[in-house]
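Have a look at this one before I ask anything.
In order of appearance the chains are A, B, C and D, and numbering begins at 1 in each one.
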Amino acid sequence: MQHPVPDYLRGVLESIRHLEHGEVAQYIPELAQADPRPLGAAVATVTGRLHSAGDDRTEFTIQSIAKPFAYAAALADRGVETVDRFVGLNPSGEAFNELSLEAESKRPDNAMINAGALATHQLLVGPYAGRQERIDRVVSLMSTLAGRQLSIDHATFESEMNCADRNLALAHMLRSHGILHDRAEDIVAGYVAQCSVRVTVRDLAVMGACLAAGGVHPLTGERVLGSLVTRQVLSVMSASGMYDAAGEWLTDVGIPAKSGVAGGVMGALPGQVGIGVYSPRLDEHGNSVRGMEFFRRLSEDLNLHLMEADPLGATVVRFVRREDDAVRLHLQGVIRFGGAEAVQAALVEISQERPERVVVSFERVDRVTDVGRRMVQEGIRRLREDGLTVDVEDPDQLF
Amino acid sequence: MQHPVPDYLRGVLESIRHLEHGEVAQYIPELAQADPRPLGAAVATVTGRLHSAGDDRTEFTIQSIAKPFAYAAALADRGVETVDRFVGLNPSGEAFNELSLEAESKRPDNAMINAGALATHQLLVGPYAGRQERIDRVVSLMSTLAGRQLSIDHATFESEMNCADRNLALAHMLRSHGILHDRAEDIVAGYVAQCSVRVTVRDLAVMGACLAAGGVHPLTGERVLGSLVTRQVLSVMSASGMYDAAGEWLTDVGIPAKSGVAGGVMGALPGQVGIGVYSPRLDEHGNSVRGMEFFRRLSEDLNLHLMEADPLGATVVRFVRREDDAVRLHLQGVIRFGGAEAVQAALVEISQERPERVVVSFERVDRVTDVGRRMVQEGIRRLREDGLTVDVEDPDQLF
Amino acid sequence: MQHPVPDYLRGVLESIRHLEHGEVAQYIPELAQADPRPLGAAVATVTGRLHSAGDDRTEFTIQSIAKPFAYAAALADRGVETVDRFVGLNPSGEAFNELSLEAESKRPDNAMINAGALATHQLLVGPYAGRQERIDRVVSLMSTLAGRQLSIDHATFESEMNCADRNLALAHMLRSHGILHDRAEDIVAGYVAQCSVRVTVRDLAVMGACLAAGGVHPLTGERVLGSLVTRQVLSVMSASGMYDAAGEWLTDVGIPAKSGVAGGVMGALPGQVGIGVYSPRLDEHGNSVRGMEFFRRLSEDLNLHLMEADPLGATVVRFVRREDDAVRLHLQGVIRFGGAEAVQAALVEISQERPERVVVSFERVDRVTDVGRRMVQEGIRRLREDGLTVDVEDPDQLF
Amino acid sequence: MQHPVPDYLRGVLESIRHLEHGEVAQYIPELAQADPRPLGAAVATVTGRLHSAGDDRTEFTIQSIAKPFAYAAALADRGVETVDRFVGLNPSGEAFNELSLEAESKRPDNAMINAGALATHQLLVGPYAGRQERIDRVVSLMSTLAGRQLSIDHATFESEMNCADRNLALAHMLRSHGILHDRAEDIVAGYVAQCSVRVTVRDLAVMGACLAAGGVHPLTGERVLGSLVTRQVLSVMSASGMYDAAGEWLTDVGIPAKSGVAGGVMGALPGQVGIGVYSPRLDEHGNSVRGMEFFRRLSEDLNLHLMEADPLGATVVRFVRREDDAVRLHLQGVIRFGGAEAVQAALVEISQERPERVVVSFERVDRVTDVGRRMVQEGIRRLREDGLTVDVEDPDQLF
């Protein structure tokens, strides 16, 4: 039996493939030439499973999705207090390339807008670091999070440096307010380099899952970011990650997320999943048209919403007991997306043992959501398709 | 043995009692005469336990804390689509009594500012409802949520109606944009009535817990609000509940909350707790000085933060087994505030049976946070103080 | 011989009659029913000559054109210092019915926007005046300026009172900031009454000429407003009289002016002329389409621009000497529109004596502008048409 | 006899010398070292007389006062239509170094703010001009206006280039919007060079008088700027020349003016005078403290206000006739500051002939203002002091 989540993702991608409005980013020549057709998505659970579908190995530049990771690095390198002195926490509906500074402190409103990202880049490593050192720091952190060595796309880097007037404007303005002290050209080059890192949707999903897991890497179990740092990054992403319409995103989708003009979107739902999606056509706010729709679909289908805190329930699977004639899967608690995904994973594992009979017990289960029910049903259907006998024990008829 | 949470709350209240800056609300004569000294707090879990401390039975007017509940009622009565046409979802840092309308639609930015609350009040019940009908609707919902019949403080109502110029200004402006259609005086009177409802911190905690539990009443188990309605209310509260500094609140405290000028603050952390606190002195933004500090303390002490999704772990208590010589408490999963509170409750219950020996088993536990450890230790300490023998089984030395 | 200026005005009106875009004001039912066709204009010199053309006797409601006169009355009644405490001097590009208050003082930005006009109305007569007293004051001043008893159009008054939500909103907001102290309804009624006064373009031209003449009535020679009051009114009109695009108006037209939504526009060029024009179709800013064009044409044709200070040159006519065989008209100085108009008036007077010969002497003239030349030529042409012999003495060939 | 105007200016300077608050500009090191004590002023009439007092030969850098002249040059070089496409006409209260672009066109609001001045500099000469060519153009125009070869202060130029972050920010932003096309560094260098031109208050007065005279040089009689260009420059100066408080300046002072951070202020009252004043201490808006007060005093004393159009009355002096026993000065018209200044000049000339008797005739005079009376009296007093007999013929007792 195959894990059903990739099939589910494939289904969602197909259902949004017809969305062909929007345009690839125009203002950077290298991006303007991008093929608008690729479409891929990946989901990584905080418990370490990674599912993907579509063009899931296609590389594209990370662009603004690097911002939360550079912010995390700055918080780790310099401490919350220092970073807060130079970059604010205010939600900002402003377009991504405009100046948005607090009236008195002249801090950029937050680290998700360009002004804030430039200020963040300045904070990397330490006050006297050089341009290459800062670039190395953020690329290295993103590589660690992605679990593979990432590299810079030099063609995109050069292309962006040739039309960097807005970022140079911001950098000079920030220098004039004492927020930056390096040369404007160096900070902008460092920032553009961090934007030019090549990633896939699988990278984004894993990177997002690191944030969702409070800074612990979901595949290695290693702590890569402090929990307070992660919390602050997620908070700022949730208020300001999707440019305008932050309030609508928070209400309708409810997944802290960040998009980039190359067409990527990364999301991170605390305690649950990291999500990556890629489709280059952008709406008028600079967000991937299909990427946004993908998130809306997942949030709705899977009840993935910050305000419906449903932790990834490893504990939904109470235990698996191998008995004489059967493998017995004891479930417990409330079975929603997170739990059902774990049940599916358990069923996949059981299927490989090819037992004569599988018993799924709902005796200790409190409640099953619609999503949970559909997902567990799909798992059982697949087991049966594989020729196994599956019985369900469900005294309270929850299932 | 007493449940330790009330003691904990008492401790927090004492530690913030010295904060004496700020002033009681000045602009309404009746509020200006309020005694600034009362201080009380309550926490209700989504699993139905209610803890309180300090002036927990003192009544005060709910003021702006009624806004999320009126918004919930409007969403329930008229549907999300209709409500969204008249009230936006935009975060709004603006002061609570200024006009903040979207440029094109002329919708108020959100339901937590006064303009949005007036528009919300208009949407109650239905297009042709009368003034009293709308008032009855929202008072009735709040009574259901609080679990007791709430009533209007007529002196405060009259006092506010005598200085209602700002709200009348907003109402006339909204009428001119077609957002309101009732007489300005009627909508303002209805809104002021809803603000004049008397509550205690225990009411606020239970009402918040209803939101945190996705609309299911934590004490009765009854569904009182739809889950989508609840989600939307919490989303808007998290972005706009605390006037200015929404971004800072989300980052530092991370608990969707709403304050009122009488000095109350209500919070709701999805899947976990509702919180109520009361202290009349306000800061320059109109938020209770001690109330804010109380929330900051709880968030920090108990890891109650939206971005650290830690569900209230009923399932942390795997089972309690009465054996011959002992009562054995089997724990599992990750023990954080939520779980530890449940462990404490289980210990309270066990203590009443007065068994010879209690065994607390950590065999199936994955991890214990500092908070969890301290709380379980306190529970065990109290059992022993009661004269019981308590043994801990902790093969992995997690505890 | 007829004075050529009415013919000139007629020509301008005919050249703009084809402009049929724009709509009559929609938001007040009584105005929405207005006939869009009338078109009339008048010009009054500070030296007391009044010329008009088109529908110059048609009455319409003065609307916002009352604002500068109410402001003048308030300045006269309460003094500059008191008025400045409640109404600002800031240019304001804002739409005419939005709130535009200074951040700290909460003063409305200026007396030409509705908020400022309400604050101005409150200042009329004195702090304890009644509603009728304030209305009488401003109607009486406007009647004195117009030189005839003006009256209120009750149908328009009632119609505006029925859709007064925006003004009521502003009034309540101003009350809440302590800018108004009368009941909101009374101030709004007073303001709407002042807007409902019926005038003709001839009234507007004479009223404007009073301002242009520094407060001295051009027909009676009586001082009706103090010179400092007049100066302040003209200053504020020049910065804020034409809603948005104040800067463009000042640059392109350069005549302090005020428009009303019934379709009137009044202008006043210091030291020179008052202008009135009427055509009900409005552009998107609420200014009369043809009215604006009329002003543009006059400014361009006649060099009537604040930055080309050309005083009404009574002294261009040095003297008229009756000699044996001829009437000799000695001119001097620089002959521009102002001077040429005076030359024309002198020629009209001379024509009535029917002398055998008229000599126009340019001996003492320094310079003649194109406008001046055309106007004097036209005067001479008409004299000759009347059968008179006209000789020109022009040793320097200026003419 | 000496002309009394320099004495008058000296008196005004002494009366404001005690104003010692404010500081010399801090943000440019070279300016920060300036001596705060110099104080000088000059007034030039459109008829070509130049009066000065105090430190009237001290050179300082022109700074932002170059903006109206660069704007004039751009209008002359490229035409109004082209310039209007890149620089707006909107009043702008914004601080001088912030970005202030129109929402849609992205044009800077006006040519008096830095963004607009950079856009203006780009427009000099023609689209393909080089950096030095643009600098030469504006320095050359300012030299022509001042009537002497002006030069750049290289120390100040270098000092400003070292802290040019704000201007570089603006230039990059304008490039990103397609308003600039030259390299940001080149435009900023050109702009800073134009700001570094050394002038005296006498230069400023004469340059202002050129504008006041509609583009005709008051000393040479040569036309140096088109009348439409001059009109547009004066219009923009009157709305935006004095940073914030444009409305107050227009109302209280009523003289189109422009200040620079080195402490200079230049004013130009159409048809009357150009004014220059210098004192380095600045208020919080960046305007010279004493400079502003000087203008306030002149406007008040001499009725120099845009809304009290009083043309410089050469024609007030009707004629001077040398008779046997006396020189007879025939006056006419209305005698205000302008006319009285001309009367004083005539008396100075008469005094040099040392006639036995001087007769001043008011027979043909219509009116004498207080200022006019005081000034003519002072002239007569001085003649008598010189030992001359002076009689006044004043049948209507106007004097």
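Following the convention adopted for this analysis, a residue touches a chain if its C-beta (ideal position, glycine included) is under 8 Å from a C-beta of that chain, and two chains touch if they have at least 3 such contacts.
It should be emphasised that the depicted structure is a prediction, and the values quoted were computed from it without experimental measurement.
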Shortest contact path, subunit B to subunit D, counted in steps: 2
Farthest chain relative to subunit A (centres taken as mean CA coordinates): C
Cα-centroid distance, subunit A relative to subunit C, in whole angstrom: 64
Cα-centroid distance, subunit A relative to subunit D, in whole angstrom: 61
Averaged-CA centre spacing for the pair subunit D and subunit C, given as whole angstrom: 30
Where subunit A touches two or more other chains at once, by residue number: none
Residues on subunit C engaged by subunit D in the complex (per definition of touch): 88-91, 93, 110, 214, 227, 230-232, 234-236, 238-240, 246-248, 250-251, 254, 256, 270-272, 305-311, 314-315, 332-333
Touching residues (chain side subunit A, partner subunit D) in the complex: 97, 99, 163, 165-166, 168-173, 175-176, 184
